[in-house]
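Structure first, commentary second.
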């Protein structure tokens, strides 16, 4: 699939209209994980609007976005940057070898106190 | 009015206190409720993507069951509440998802978001009333300075969750006042603790949780209350360790005198 | 030329509001943008002046198509007239549909005083669609025939 | 028996090249009722008109059809021609055989045939024409200005200068509006009071101006030239004519905890007060919610102290009625409520203020006498952060979708004034775009950056929170691609502005149209920007759209010019093609009044003879011909067919349809 097509697909999956963005940067001003992101929330919106997905697919931000929806909540234009990040993450984890979490390694990373819901969430978010 | 009570997986295991005290308090307050029959997993995270339907189906089953039982679905875990409420919103407003979900499930009666998804705190505020709770308190938690921790899942996106003012919520503060304690407001009570990445990026989770617990401590909070098992785990495990975190139902049970 | 006269041409009545569409038609004229002579314009102050009876009358008298042109929504000289027209016509058109008058025989278009080109394009398009449908016999009152 | 004359114009070769004008004239001559049918090269020329005039006189014509260019071009010309020959001007019909025939068709036969049809259609219509006369109505030579801000003041002054009487009705206790609260004005930095208060005094002293403060519009009836307006003069419990404004009462009043509205609630005022030192009228007013005497009957100190016995605790609202020829709406604006923007902490932190509050904090007559201190601890702020576009350009539903237009400039002004007066203060401005079109505006903004070293940060703020006694402003710096956190002492929000909420009620009363943002709609966005589509209603200032002071003043003066133009006429000529109702058919159902955009239709009870010497009284529609604009919406909606439009009657249009469809 060519990149343009892919960008279109991601746009549709996100369910948000990135053209409404007025480039104010409020999403990135609000983001609690900003420092841990190589590509920032407002850039996700901008790249998708331009149809450039390559950088996004390799971004580390896909795994540092906290899915806290602070950016969605406060966008003055009704754009949902978190939905765009999620749509790109889906693009990655759905591809072959895209799983972020290896089931075999689980015992090393978890402890007894982790609630079930968090484990399920982890697989849902980061794996196919 | 009868409420269909939805515990969810975590309340049956790691968050037993949340469930146990929740039920005891409902009985004490005279709320008519029953555990919803054959409940399934809520789906754990709300699938944001528009092309995900299958991952929403288990939530739809629960919602449809609740509709058959009277249409009032009572949730306690913030994470479950978030998923159920948003899936319900999709079933109400997203034609594509509603059509596909109904086609998949082939329920006896088509489901179109008729159920009301009500969080336990909303029940206390809107159906019981904090005044009534105040009157029912036998053991007021005097002299306790408690910070409310909302996190993300109950508040955002406010358009769908419609829980409280997303930037300046007060429902848990009102709850704290009702049980006789002193609420402490602090700036990061609605900021994310980073629970979702606690398994994959521990550093980030520590950073975020510490920010929240520091903010609460500096404002003078002695303890925090939450409704979310994920936040509970993360703030306890990755926070500064100086402010213990409790489920709000536990404090409610204590105040109502039903804690063993 | 002889064939032209023998061939039955469609008859189209166009109601144009005085402030936008009639001026748009004038502009089409002064820009020499042609459209079929089958289109005959009746000037009304506003598209909301068009009584559904006029349209029924036109069909009864043998018109093959009727088009109503008004100012763009929000631009009505009388503020809201075109909104009334739009609502009335959508009701009338569904009734005509029920009577078996093809949908393509009626139309509402918004043409501003600056849109001479649009006026001409709309009339060309409408006339060709109506011509393709052939004669309108459904409502024609034979008693009106000479 | 009708005698119709047909006149076919060649328009040089414009028509004659593609339409066989001779043939058209010959065919139309055979139409029943036609007694003469002529052609001429230029019918609109003096000779052509003379031909028509002579034909009318010689043949005793009852009506004429001119087959020529568009009626939008020469209908008025030929109506005058007819009138000069003694024919009613509305007995003229035009068949448009140029724009809608000769110019768009190439084939001569086809064009000629169409021209004949158009001519026939015009004849058919003409046969049903009736002579019409346009009505006239007198003009009341007095204007009403609703709102006493700078817009209303300027309009009133200009109208009064032209020699007409004006009433200013202002809902608050003084005129002056928002401008009176401002400190300095951009781009010249004049002090607002220095340029406004002389104008306020002019209003008070001008014999043609009557100022009614603390008053509201109760109802508006009538139409252009003849409005009847009821005005509620609210009880201020002080006799305006007696009070001298000495202010002793204010000093003696024991109830001093009222929120000082003029200072945006930043300090307190007594229950009896004069809004500010330069208020016009400079008389006191009692806040009944706060006055001990009015609340529980105990006190009365102010009445005891008043030397002129101006205090009257028994005063009641009074409603007066006046007549006006024109109404100017100048209701102005207010900053939006910030309840949807809790992320900036306006409700939570005392030191987060709006720009209008900052104006008061910086104003020499403000709560801190012009010494800029923060509200919480009255200390001088060392770091001040401005946030722009708070609620402007917001389509999420929390704010307003439009740009408020004035914020970029006043924020630059604030930043500059602070840096000038307190050079050791750090000033940051978060902005999305800096919009400064206008004479000397961008230069002004650049001065803030280049000369005064104000730190402009392109990006929006996501959150304001308190940490260690500082307000932490967390936002984007898009140019540096960073998230910045600025520890500040004072945060200033450039809140969006919205039309004064009272404008909705007023728009309904005067039937002026209003847009989705509650701004009044102008008759034409470009060509009639100061008039409402409703005749006689004029728009001045921000009620029509966001604008700054220079623009407001220009619009206010433009508005006054339009009002003076109207008031200078003794009579207004009305449109002759108006609706009228056939009272024998009308059932008084009110449907027509509901669709009328002008409120031209009212209902009257009328007596009708029903035979046998008996009468019955029925409610029937009555059209005010001075107000009706002749759109015809009512004619189609009328279920009984009683309503019709003169000049475009049902029968006339049906006849045109018939003529066109006849093959």
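Brief remarks on what is shown
We just call them A, B, C and D in the order they show up, numbering each chain from 1.
The rule we apply is simple: contacts are C-beta pairs under 8 Å (C-beta built on N, C-alpha and C of every residue); 3 or more make two chains touch, one makes a residue touch a chain.
Computed from a predicted model, the values in this text were never measured in an experiment.
Remark: among chain pairs A-B and A-D, A-B carries the greater number of C-beta contacts.
Distance from the chain A centre to the chain B centre is 24 Å, each centre being the mean of its Cα atoms.
Computed from the mean C-alpha positions, the centre of chain A lies at a distance of 48 Å from the centre of chain D.
If each chain is reduced to the centroid of its CA atoms, chain C and chain D end up 35 Å from each other.
Annotation: 53 Å between the Cα-based centres of chain A and chain C.
Within chain D, the positions touching two or more other chains are listed as 343. Across the assembly, chain C contributes no residue that touches 2 or more other chains.
Residue positions of chain B touching 2 or more other chains, listed in rising order: 166-167.
Of all possible chain pairings, those that touch are A-B, A-D, B-D, C-D.
Only residues 8-10, 13-15, 41, 43-45, 47-52, 55, 77, 79-80, 152, 155-158, 166-167, 191-192, 194-201, 204, 208, 211, 229-230, 232-233, 236-237 of chain B touch chain A when the two sit together in their complex.
Considering their complex, residues 343, 389, 393-399, 432, 458-463, 474-476, 478, 481, 483 of chain D touch chain A. Residues 70-73, 96, 98-101, 103-107, 109-111, 113-114, 117-118, 121, 513, 521, 533, 577, 595, 597, 629-633, 635-637, 645, 648, 650, 653-654, 656-658, 660-663 of chain D are the ones that touch chain C when the two sit in their complex.
Across the interface of their complex, chain D is touched by residues 20, 22-31, 34-35, 40, 42, 70, 74-78 of chain A. Across the complex, chain B is touched by residues 12-15, 32-33, 36, 63-64, 66-70, 72-73, 80, 82-83, 86-87, 90, 100-101, 109-111, 113-122, 124-126 of chain A.
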